[in-house]
Every structure is written in C-alpha cells, then in structure tokens.
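There's a structure below that I have some questions on.
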Amino acid sequence: MRRLLALLVLLVLPLAGAHAQGDPPGVKGLFLLTDYPSQTVRAGEVTTIRVKVNNAGLVPEPLALSLQGVPTGWKADILGGGQPVAAVMAGVNQDVTVQIRVEVPKDAKPGSQNLVLNAKGQTLQQASLPLTLTVGTETPAKLSLKSRLPSLRGTPRSAFEYTLTVGNDSGKDLTVALSAQGPANFQNTFTEGFGSNEISSIPIEAGQTKDIKLKVTPPRDVKAGDYPVLVKVAAEGATAEMRVTLQVSGQGKLALSTKDGRLSGEAEIGKASTYTLILNNDGTAPVEEVEMSGTVPANWKVEFNPKTIPSIAPNDKKEVQVAVTPADKAIAGDYVASFRANGRGEQASADFRITVTTSTLWGIVGVGVIAVALLVLLGAVMRFGRR
Amino acid sequence: MADNVIEVRGLLKLYGAQRAVNAIDLDIRRGEIFGLLGPNGAGKTTTILMLLGLTETSGGTVNVLGFDPVRQPLEVKRRVGYLPDAVGFYDHLTARENLVYTARLLDIPRRQIDGRILEALKSVKLDDVIDKRVSTFSRGMRQRLGIAEIVMKQAEVAILDEPTSGLDPHATFELLEMIRGLKKSGVAVLLSSHLLDRVQSVCDRVALFNKGNVALMGTVVELANQVLGAGHPLQVEASGVDVAATLNGIVGVQTVRQESDGSWRIVADRDVRAAVAQRIVSAGGALTRLADLQPSLEEVYTRYFQEARHAA
Amino acid sequence: MPRSREGSPFTGLGPVFLKEFADHLSSARMMVLMLFVIVFGAFPVATSLQTLRTVVDPNSFIFLRIFTLESEQVGISFTAALNFIIPLMAIGLGFDAVNSEFNRRTLSRVLSQPIYRDALLLGKFLGGLATLAVALVALWLIVLGAGLLLLGVPPRGVEVARGLSFLVVAIAYGGVWLAIAMLFSVIFRSTATSALCALGVWLFFFILWPLLAGALLVGLAPSEIRSMDDYAAVQSMGLGLMRLSPGTLFSEAVLGLLSPETRTLGPMLPSQMRGAIMGAPLPFDQSVLLIWPQVTGLIAGMIVVFAAAYVIFQREEVRA
C-alpha cells in the first residue's frame, strides 16, 4: 500500500505542468507504467520488467532513459525491440514499451533494492518510476488445470474430446508436459486447442492460459460404465491434475445373416420366393428403428416383412422374411441381391446369391408338343393302319 | 361249305375308276390245288394280296379259314403260306438264318425252330445248303426255299404266285412235285400262273381270269366242255380210206374235219373209239393212230379269248 | 370303309428290331461309318485334350470342355463335328431301309408273316436308332476314357449327368435324320434316289438354310430398328428361322448342356443382365429346362417325320 501511494505521487507529480488532450479526459503528461512495480527476483536469475512510456497529450519529443540505484554487481539494461536503448519517443497519446533486464548476481543478498527509472526530455517533460526489487526465496511455479466439461457421455465408438484449460500461474514461462492415465487399452491423445497436431507438451507464458484438447478413445468392446481418466500437467516441479470421466453407454451392433448361414437361395421367374433373414444385435445396447431395404436386379421386386423393427435388444435376434420376385423376363442363372438393415447409426448388409429358375411349365408344354406328335402318329395308325 | 378253306364273294378292287378285280366269287376246297389262270394284269396277284390282307379290298367279303383278312390279317397270315412272284430272300443271310427270321416272326417256340427248319429244308432237298448264303442260290433254289418256308410254317393254305415262272423245265418239274407234296400233306394250294400247260398237270380246279373277272371256273375237262363244246375229241390218222365218209353214221359223232393229209379230228358226244376203229378197219383202211385228245388248257384259253374278242 | 383291325400293331416288332440291329452291326457299311466317325471325332478330341492338359483351366467342367473345346489346329469342336456326322450316319443307316426290301423282293414275303407294316417300319427305325445309339455310346466312352487317361482326374457327377444328357440329345438328333432317311426310303423305290434326296436335305440345312434364313430375315424384319426390343425381336425371328434346322436345335441343346454357364439361347437384354453373376454355371436341372424346347422339338420332329413315313408306307402297294 505504501508503494502504491508512492507511485501515485510519482504519477501525479508531472501533472503540474502537463495537461493531457485525450483520454482520460483531463489527464495530460508523461507517464511511466508497469504492472508490477515491486517484484521479487531470484539471485542468479534474469528478470525482465516491462515498462510502458505513455505520452498523454504532450508534444512528442525524445526522452532520455536512465536507471538510478542499480546495486553494485547487478546489471540492468534498458531494452527496446530487443536492443539496448537510451531514449524513447512516444507519439501523442501513444505508448512505447521497453524492458528493463535485470541480472541479479548469484550472491545478491536478500533484501529490497530500490531502482528508479527516469525519462527526461529536453524541455520540461520528465517522469520517473521507482521500482522495488526484493531478492527473496524462490516462489514455486504454479499450474492450474480446468475443464468446463469434465464428464462426457458416448458410445464405444464415439470420440470423447475434453477441452482443458491449463494455466501458468507463475511469474515465468513454462513448458508444460501433458499426460493422461486411463484404464487399460484406452487411447489418449492431446492436441492443441484448434490444431490437429498431437502434442505431448505445450509452452505457456507466465500468467497465461492455453486450451488443449484431450481425446480419449475407448476400446470398441468396452462395456458400458464410467471410466475415469486422470489428466496430469507438469512443469518444473509444479503439477496440476484433474479427473475427467467417460460415461460409456452401450452400442448396438447389427449383423444380418440367415438361419443356417447360407447366403444363397433359389427363386422362380415371376414368383415370389421367401427367405428368412436373421438380424442379430451383437452389441451392448438396443438398436432402435431398424429399417430393411434391398437392392435387386432391374424389374425385380423385393418386400420385407416386417419392413421396420422398433427395437432389437442386445444379444437378441429378430427374423425378417424377405420375398424376392424375379422379373418376368428374367433369365435363369445366378444373381446378386443386397439386403440392408439400417438402425439408428447402425447398419448391416448381406449379399444374397439368388439362383433364378425357370418355370417347369414350359417343360410341360414341351412334353405336350411330344404328346401332340405322338397323337399325330396315333391318328395315322388309326387312319391308315389297315395292312 | 365247311370244306372250303377260302370263300370269296363279290370281291372288288378299284384303282380309281378301273376295276382291277370285278366282284368275283371263288371257293377253294380243303386239300385241292386250285389254279388262278389268266394273262398278266388280269387281277390274279391283286386277288391273292387281298386274300392275305396285304391289300385293301374295295368291296365284297373274303373268308380265309374262318377269318376276315381285312380285320384279322394276323390270324390269316399265321395260317396261310405265301410264295410271292419271284420271291426274295436276304442275300447276306444263309438259308437257315432266313428261315429263323421267319420263324421268329411266326413266334414259333425256340426249341422247335431248328427241327422244323431242317425238316422243311429236307422236304425241298435244300438241307445240304442249309448254311450257304442265299446269294449263291439259283432261282429254282429260292423258289424251293420259299416252299420250305411254307412247310416250316405248317400252313393250312399255300398261296403261290407264279411259282414256276423263270424256271428251267427240270426245276419246274421239281417244283410241281413239291406242290403235289404239299397237297399230299393236306394243304390246300392256290397257285396263279400264266403258263397253262404246266399248271394243268397239277391243278384239280382252275379259274380263268380275264380283266378282273372270273371267266371260267371248274376242272380242266369241265372248262373244255364249256369252251370247246361238250364231247370227246379224237384224232384219227389213217390211210386208204375216206375217213369222213366212213365215220358218217356212227351214233354220237358230231363233226369230222380233216386237219391235214391223213389226219382227222373227230368230235363226238361219247366215247366212240371202238366204233371208229371198227369202221376204218372194216372199210379196209390202215389205222395208224387213234388218240383220245385230252382237252388242253392252252386250247381252252386261246379259244375262250378268241371268242371274247369276237364278242367284244 | 375303315374297319378296325385286330391284333397288336407291335406283333413281330421284336424280331424285326433284332434282325435290323444285328444286320446293321455286322454290315460293312456300319464299319465304314464308324471309321468315318472315329476319324472325324478323334482330331477335335485329341487336340482339345492336348490343350486342356497344358492349360490349367479354372473351369471346373473340364470333362465337358473336351467335347466343346474348339482348338486352333482343327478349328472344330467334337460336338460340332458330331453335328454333321450324326446326320450322315443316320442317312447311311436309313436311306435304303424300306426300298431295299422292295428291291430284294423280300417285302411281300415278310409282310405275309403275321405282322403289320407298323411293326416292320417301327422295328427298322428302332433298329437303326439302336445302332446309332451303340455307335454314339461307344464314341462317348472312348472320349471319356481318353479324358480319364490323359487328364488324370475323374469327372464329377454333374459332368457325367450332363454328358449322358448330351448322349440322349445326340441320339434324338440322329433319330430325326434316321426318320428323314427312312421317309425317302419309303417314297423312292431307288435306293440311290433316296440317298441323294436325304443327302440333299442334309446339305440344304447345313449350307443353304443359313443363307436362306438370312435372306428371309432381311425380308421379314422391320425396315427400321428403333429400340432394343425391336432388335431383340429381329434376333428372335432369325433364331426361330434357324431353329427349323435340326442341326441348330442340336447345337443349341449341346451348348446348354455342355457349357453350363449358358443362361439363354436367345438374345439377352441389358436389363436382364443387371445383377447377374456372369460365368456362374446354371444348375443341371435349369440347363435341362433351358434346352427343353430344343430337345422336345427334336423328339417331336422325329415322331412327325416318322409318322409321315408311316402314312406313305401304309398307302403303298406291297407288290413289287
């Protein structure tokens, strides 16, 4: 609180002769701003402090920058755009950002050091910013892990995608390693928030958060139930973890076959032949609203009875009668007919080989032709057989 | 009537408008040899074929051994043997094989076939060529083989169509002997021929065919009486006497005609040979020949057709 | 005055049949015909066997292929060779059936035995047919045996069944020509005329009829073909004309029997081919149903021609 007051004093001081033209209305002058004017630094490390030089409604002019109170053995540089700078110039109502790079010697003694950053123009414009750097014990890195939807529901074939927010709550950039621990045979992959690349770690700047995605693929044959996956993020000793849950519901699975497994049959031209199909649900959940359909050669007819099945329970089977009528002009031989069952999200199909047979009616007609010929012969015998 | 094996009444055969057989009546008695005589094309063969049921009749009735050849040809053919004009056999088969085929067609029991064939061939004196191919046979042998077939068949009636045509005199003689043999074994024989003198010697009765009609029927003598007039023709050869004058006045003599120098033909209504001889001898003539002329079929035939032509 | 006759018309059929059969089998003519057939049949069979030995064929009907394979060296399959040899055999067996009996003067003698003409004609026909059948069965067995020997695999049951059916069809085909030859032997007293006429019919159907049918089709077909249906109709018409020839019926029946993948003998519309599994063999009974009209046509034709010969024979005078 004391330091805040000091800053305010510093900020207010230049206002004596300076009136800002823009916003905030009525505020005019030159300001040096930083988020954290009083920071903890660690011995042997480099700390960068971002400072904004703000020109509020003044005529721009070059401002010489200088640091005062740098303890001996410390090294402090003013950097702008990555290069050491000695002066800045900010346009009217504009900011220039500089970094103060402070190298704290390893042997720096704990305690606070006060530094002052001065910006001084050729005329009256000037401002200064006192910075208090406390050499203290190390503050641990801190990570946070959150998910808005930690529990997802789906089928064994669904993709379980969790969006996780990883926060770097420490004062420095961290590279965060990602890991997830689920039940055996569950596959976990991490991807960037909107990317598709698979990642195993992600850099996060100090104080920032990033969204990552965790995709969990359960094995196909997984039984229905709740499966926890423990997600862990770790960086420099800091860890965070949370539990996401897969609520795997059952999945229906259709299979189409016949009683004896024979996928062939005979059909007579122009006549309906009925085959019994067996619809199996090999899955773990009921399949709803199964609709039967079929593809047959041109001008053939195919009808199912029943056409739709409301529901098939797991490990249950239903019989479906399919009546196939080859076209009147069909030619004897083997043909392929496809039968399909479409449930909600589930389907099964079977190719059925149908041997088309001709009616024996023509055979009888042929016998009739021979009979007529024999009658002709018989008539000849009756009429002429007198010798 | 029970003695008739064949009875024909009003038998008719039309070829278009032409009457090949014109409503004939025939009776053939059991055990006789009956000759169907007439020129070629007179309807003999057609009649025979109708008797066998091999040709349809156009009208009339036929009864062969109590069967109707039109309706029951199988029964007729089973009992009647037929030797067609110029009979043919399968040349590539032997005599025995030919007869075996016939025997099979006749449905003769197998055990009897060999015996009956041998017997039949013996009766026609062909048993020494039983296993020779028919292609080596002469015409006479073939005709005899045909007779053998009838013998094997044990037919009740034998119908022979021109059996002697084309045969040399010796073969003809042999064949006629065999026909007599058939008669002896009780078979009624119906034979057709245009060769009159040969037939005359074996036939008991004949029927003379002319243009589809039976012109004459009966024994040869009856026919002669009918055509040549009743009476006994005599031939007289004598010299040194006027035969015509000498014979005049003999009771029964109807005509005396000189045929050539020293030869006369006499027709009488009874046997006048004794009286004729007596008259010539007593008149001082030398009688060199006095013959009772058998009526010749040839003569009957010739005379009849002459008269038929005159009538027409 | 058609009065009914008594007694079976088949009386004596057996002896006539047996005699004709024995005569044919022992005749020099039969030897010549058999030699002819074997020489003609041997080349296609030998070459097709050679081809089948070298080519590993996925076709499972390898035995049937012996009959149908048209090798390049010979250019004719065994069945195609049979297609014109069988008529020749049948004509050879039948052209003098009745008129030679006339000429040998045996006819009236035989007919004076207790049989009807029916039995004589039928016995002669059956005798010829049996002879033909014996020759064809022998030929068939030779081919089968050669196949077994050279291919080293036994035929499957269905192949044997198809092969036997083929034999039946071949005999029926021979029967048609036998009836035709016998018809001429009844019509003409001269055996030479009869043989010439029968051979003339044979040549007509094999050489002239395809040309004539083509010309007729041009005349009969609509001038403009607008649709597939029109085209199919014209095709059917052409086929119908060709099917008046017994040879066509035979070759179609053989195709259906020995090439099991044959689905139809007529034109096939594209709509009929949709969904069809091409190359899949038809079941045996279906193949038989497919060629049934051809087979019945052959048999009916045989009967009708025989009936014609019968009527003419009955009306003829027996006297030579």
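Should a chain be cited, it is by its letter among A, B and C, assigned in written order, with residues numbered from 1 in that chain.
Convention: contacts are C-beta pairs under 8 Å (C-beta built on N, C-alpha and C of every residue); 3 or more make two chains touch, one makes a residue touch a chain.
Only a predicted model underlies this, so the values are computations on that prediction, with no experimental measurement involved.
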Ranking chains by how close their C-alpha centroid sits to the total C-alpha centroid puts first chain C
Chain at maximum distance from subunit A, centres defined as averaged CA atoms
B
Whole-Å gap between the CA centroids of subunit A and subunit C
78
Where the CA atoms of subunit B average out and where those of subunit C average out, how many Å apart are those spots?
53
Can you check how far apart subunit A and subunit B are, centre to centre, with Cα atoms defining each centre and the answer in Å?
130
In subunit C, what residues contact two or more other chains?
3, 5, 111, 116, 318
What positions in subunit B touch 2 or more of the other chains?
54-55, 70, 73
Among all residues of subunit A, those touching at least two other chains are 386-387
Contacting residues of subunit C [partner subunit B, same complex]:
3-7, 11-12, 14-16, 18-19, 23, 27, 104-106, 108-116, 317-320
State the interface residues of subunit B toward subunit C in the complex, per the touch definition above.
45-46, 49, 52, 54-55, 70-75, 77-78, 80-92, 101-102, 104-107, 146, 149
Name, in rising order, each residue of subunit A that touches subunit C in their complex.
296-300, 327, 329-337, 353, 355, 357-358, 360, 362-363, 366-367, 369-370, 372-374, 376-377, 380-381, 383-387
Can you list the subunit C residues touching subunit A in their complex?
2-3, 5, 9, 111, 116-118, 263-264, 268-269, 271-272, 274-277, 280, 282-283, 285-286, 289-290, 292-293, 295-297, 299-301, 303-304, 306-307, 310-311, 314-315, 318
